[in-house]
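Please go over the structures that come below.
Here come two complexes built around chain A, the first alongside chain B, the second alongside chain C.
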Partner chain A sequence: MAAWVKGGAADVDAAVEAAVDLLAASRVPVLAGLSAEVSALRAAYRLAETLGASLDPVSGPSLYAELGALSVGGAMTTTRAETVGRADVVLILGNRPWDGDLIPEIAAATPSRGRAAGAERSLLSLGGPQNGATRHVAYAAEAGGLAVSLGHLRAFAKGHLAGEAAYADLARRLFAAQYGVVVYDPEEVGERGVEMLQGLIRDLNESTRFFALALADPFQGRAAVQLSAWTTGQAPRVGFGRYQPEHDPWRFDSARQIASGEADAALWLASLPAPRPDWLGRLPTVAIVGEGSPEAAGETAEIVITVGVPGQSVGGALWNERRGVIAYTEPKAATDAQTAAGVLARIRDRLIEKGVSC
Partner chain B sequence: MLTRIHGGRVIDPTAGRDAVGDVWIEDGRVVAPSERKPDRTIDATGCVVMAGGVEVHSHIAGGNVVMSRLLLPDLYVSESAPNGHPFAHDGGSGSWIGANYARMGYTTAVEPALPPSNALATHLELADIPLLDRGGLAVLGNDDHLLQLLRDGEGRQAVRDLVQQTLAHSRGLGVKCINAGGASAFKDGVLKLSLDDEIPCYGLSTRKIMSALLDAVEEIGVPHPLHVHCNNLGLPGADDSLVATLEAAEGRRIHFAHAQFYAYGVVDPENPMTGGFRSAAERINAAMEAHPNATYDVGQVVFGQTVTISLDILRQFGGRKGAKPKKWVLSAGDAEGGGVVPFLYRPRGPVSSLQWAIGLELMLLSSNPERTILTTDHPNGGVFTEYPRIIHLLMDAEERAKEIASLPAVVGERSGLPKIEREYTFSEIAQLTRSGPAKLLGLTDRGHLREGAKADVAIYRDERDRTAMFSRAKLVLKDGQPIVEDGEVVAWFSGKTLSLDVEADAGMEKRAESYLQDRFGAGLDTFAVPDAAFPENTGTFEDVACRA
Partner chain C sequence: MSTLRLRGDLPERVDLLNITPLALSGLSEAEAGRLAIGTSRRGLTLGDAFEIKLDGSDSLVIEGGSSRLDRVGAALSQGSIRVEGDVGQRLGEGMAAGTLTVTGSAGPYAATGATGGTITVEGDAGDHAGGAVYAAKAGLDGATLIIKGAAGDSLGDRMRKGMILAGSAGAHAGSRMIAGTIVVSGALGDHPGYGMRRGTLIAGGHGALLPTFVETGTPDLVFVRLLAQSLKRLGAAQADLLGGTLRRYSGDLATLGKGELFVPA
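Up next is the complex of A and B:
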């Protein structure tokens, strides 16, 4: 295990002490990143509560596009396995779903369960790359983007717009589904787009079965949402500055807090890869990062402590995108690497010993 | 340490105790009265002493509970929650749940919907509920693997092995089926399902699926009988569904979830769905009298805003247009999924008043409170923190009459509640909330105060205002240690998650692995609930033995 304090190599005990001093001296600390296993997220919430800090996962933009629409109107969703096994119509929104292995898997199979079993699978796209690699019927997005396109599509589906426009044809195809699924990336579609999409899905369900399958962010955001909800009753972003947790995506946006000078210290948690924020290295920060990662270096932050990488050198409960659940991942090789949860707990214990509490 | 709880009115219906006396505790267990001088004496003069409360059906963890928080972030916001624990203020959080159960004297609670496909997250959440022992019931009855086995006529052994494998991997305490076949049928376009209707694509029915599960539960020796959520919840005529399901059990042990939501008889047989409903509490209780193999929990309604959470996605979809506020979530999951629909039981509204009356009527007509468990199906009928008020209404006919007088006349026209004079005794309350649920779950070490019981004890001041009395216990001991004093949490004990001690059959494990890989592209390891996933790996779980 490696650790650095102000650029110099240090033992972990000294780095933990330095982290305690840095955080104890802070008036408005933020815990950001949170790309980590569930046990580390859990420890981060407990540390934030002790410090009176706020928490902001790096997966924020994807989460809020989904959560904002959810709290306004709800959702109808399904799973990847149900999509592959049951869907006879799959609509792919935007570009991002084409990047992973989901679309090729869907395209390679036909429905095998439910009333559509044995039927042809119809692949449709709206606003996609139209690259021809996968056979599908493509519909272009309108100039206003996916959200506006979805609005027009819904208007055709509801009969509020009529005519032989391409979206009228697309709407007919959607209504013909026996088990339809829309695949999309919430960040790409945006909150307004997700809200409109869910409205369209509700309309479709007046006569057939149709569901949404949103791609998860790659930074454990879905796990963070669950942990946050059962721990605080609220989704992230959450702040503990006034003791009780307050959910406020704007107020506890770490980038905003740091840019405005509101936050005076940070703890960056990334036992798994996460995009490095531009403030790392500028703001007094404790960085808890995966061993072997590019951030595992003395210049990353004032204090850097490396920890085991879940699924590699330590085990961990992680968001499993294929299953759409939290699943435990064994380490690939048994090591004596310290866990992020252990380091966070040590920091918290020392803060409590020193009488630091919000 | 030897502890003597002295001078309280000790209530233990399993031992016929209702008298002033002592309870002795040592090493976390109730022990026989001792000649030795106690290390600690707790003065319970003027108090009622009972075993810790046991909850059999409360939605306290799982993906749908999480979803309810995201859908309604303001529902449980609380500024008056217990102090002293991280997150205990956080309305609806695990800590809030644990603290509020403990304050009422409850020490065990079971989440009735543990989806095997999402077992780890549910258990992680359960483990973060402090102060209580917890458990979850593994849900079966809509998963394609089980339905395939049944469709293909693979026989009892295969079904038993699959149920056992599912229990072992999900670390469930028991098995529940929720509108068996209903979620599958919903995905195939069905909007109403009764006991013998065909489940599309499988040629099965609810009866066939449930019957297979009843057999499997018995053959495995699961202490808790199959926990059944019937078809047609909440619809006029749902009493027919419950009674038909009871008869379909053919004498096998069966537990009915939230019976109040099925105690709705049709008013107008010519227009069953539009003519309204009347109480079928008498009919349900008569059926239970005739079937000693059965038990039920009540699912009492309380007035106010709540959110309904159910894996019965067919029913939740049907109820979506009654959502208040007008937003809802429905997930078509890998087996059931779930539906989250906010609902307002309108204070003094005619429908909600009748529902409220039917729940109380069920309990007040019951000849055996041990087979009539108090629940609100939290949060479906209302929040569990309303238990003290419900107990008050059961124990105090005058208080009940005052409440009834404030409600619409339909309560008297369509239920028998106003005519009931019965008042529950302390012993009957203990049966309803302690000995009954513990026996039902097969937890022989709790729910009573006999020698050898876990020292989970609730001590209440004997106040005429039963709501106040049962809201804030004077003292609660968990495993012999004080966790609540004068209604406030004083020690943040971490309980155990109770799971059945079963091992998966090796042949079925291999077969399940192959099935899951084919369907999910992922195997049993992604369904596992290993000890290593839990904080500090410190023995979160406690085994419960199967029936001999």
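Up next is the complex of A and C:
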């Protein structure tokens, strides 16, 4: 457990007091990062409600690429386990799905249940890195990117374009599936592209079964979406400035708020690793970071408090991508480190004692 | 004519949703001064931010602008509002009737969901002008939006009804359009009409075209002549664009494909 105030080592009590003073003095505080276990996210939303702050997870661009399309047109989705167990055709979009262990796992198995059980599994890629290690049929993306490519493919799938083009062949392969899945990273495809993809999947479901498997961001964004929904009824970018939770993805984009000078103080919550924002050293900020992380140092922010890392030194409920749920994760080597939730609750309690509460 | 004169730089974004001539007509200046417009816990009021002069008329002038003035003229149903300066996001959101004029530039989502009236931005407009906000089914929905300068990206995104005129536009103009008309005297950016279902885009030029737009010739359409007449009544520079021969592209074939893009042949 360590803490720093203005670069100097401090005890946690003094750092909490300094954090309370910093946040209480601000007009438009922002709680950003939110790469943390569910209990810490819950404490952050409670603190924001007390303080009148807004919240923005670091995974915002990925989340809103998915949520923007979902909120307007809905989505047909499946899980990783269903994909491995049932899919006879898997279309992999872009480069990012190839980074993890998902594609090798899909490639190593064949459908074992459902209508495609016993069939061969065919892997197709669109705009991928043409990875030679996994056998698949590769289609190049259009110059305009994945979203444009998906529109072009959908025009062939609908029969609005015809001919012997590569995408006509790809569309035929998709319609030939008994249980098809498209694997993609929402941030890479973009909101317009995700909406087009869901339209394509709806078209394919006119005659077969097809689903989307969107990769979760690595910063607990999916957990933040669920927590924000059950806490505020809204997606994560909410503000409590006017007491009621207001959802506005543009207004509460923390990078925009800080770049425009609207936000005058921030709390950066990252008990799990998260990309360090460029404003961390400039704006008056309270940083709550995992012990042993590169950010656990006095120069990171005006006030820095280290906390236990969920899954490492403390337990915590985290997004489990394999199962697609929030699940409790035991610590690998439990210590008596304070939790991020505990620190946030202490800051909130002191704010209430000082009369800052609503 | 009632006036609100901005006292100085705004310390936070303010929400002018409830500040319309109709809403102010029944209030004294002291009562109006107590209206909450702030978006933080500090309780900023109209009187804190503006010097207020009210005469009960149906026209309101806001002297001095700021990119932090959100939802100016939102839900306006009668009368006029003129802003001498810039405004923030959602200018005229959901406006039903009346006249809204901004002499400076507007932030994003100008005229989103506006069903009637005329909204004029004499400077530039940000991204998603006439476009839909998060989770909204439609962007511009029947009103007329005139942008004399440049519009940002996603002009008229998910627009459903009405007309947008602009000097130029960024990428993805007319994306996911449901219907309506956009006329841009200058050039559009890349990929206009992405996912458009119906509607009409007319522009002086364009960036990269989608592969799902196909050329359908240079038809001589009565509709274009009628549109030119109505644009002349609006006094719009865009009317000149319609005088010559126009090349027509049909799209977006990825969706319904009943949209069209016209550019000078």
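FYI, the second predicted complex is superposed on the first by the 357 of 358 C-alpha atoms of A that agree within 3 Å, B and C clash if a C-alpha of one lies under 4 Å from a C-alpha of the other, contacts with A are read in each partner's own complex, and residues count from 1 in each chain.
Criterion: contacts are C-beta pairs under 8 Å (C-beta built on N, C-alpha and C of every residue); 3 or more make two chains touch, one makes a residue touch a chain.
Everything quoted here is computed from the prediction, not taken from an experiment.
Once the complexes are laid over each other on chain A, chain B and chain C both fit without any clash.
Annotation: apex chain A, arms to chain B and chain C, angle 90° (C-alpha centres, rounded to a multiple of 10).
Judged by the number of chain A residues each one touches, B leads among chain B and chain C. When the shared chain is aligned, chain B and chain C each come close enough to touch A:H247. In the superposed model, A:R27 makes contact with chain C only, not with chain B.
Of the two partner chains, chain B is the only one touched by A:M76; chain C is not.
In the superposed model, A:E262 lies in contact with chain C only, and not with chain B.
Using the contact criterion defined above for the overlaid structures, shared-chain residue A:G144 touches chain C, although it does not reach chain B.
In the superposition on chain A, contact is made by A:E195 with chain C only, not with chain B.
Using the contact criterion defined above for the overlaid structures, shared-chain residue A:Q178 touches chain B, although it does not reach chain C.
Contacts of A:H160 after superposition on the shared chain: chain C is touched, whereas chain B is not.
Chain B and chain C never share a C-alpha pair closer than 7 Å once the two structures are laid over each other. Chain A uses residues 67, 71-72, 235, 247 to touch chain B in one structure and chain C in the other. Within the complex formed with chain A, the residues of chain C that make contact are 11-13, 38-42, 67-68, 70, 89, 108-109, 132-137, 158, 172, 175-176, 190-191, 194-195, 208, 210-212, 252-255, 257. On chain A, the positions that touch chain C within their shared complex are 27-28, 51-52, 64, 67-68, 71-72, 142-144, 147-148, 150-152, 154-155, 158, 160-161, 192, 195-196, 199, 235, 239, 241-242, 247-251, 260, 262, 358. Of all the residues in chain A, the ones that touch chain B in their complex are 38-39, 42, 45-46, 49-50, 67, 70-79, 81-82, 85-86, 105, 113-115, 117, 178-179, 205, 208-209, 211, 225-227, 229-235, 243-245, 247, 315-317, 320, 322-323, 325-328, 330, 341. Within the complex, the chain B residues that touch chain A are 61, 63, 65-66, 69-73, 76-77, 79, 86-87, 89-96, 117-118, 120-121, 124-125, 128, 144, 184, 186-189, 200-201, 317, 323, 327-334, 337, 340, 519-522, 525-530, 532-533, 535.
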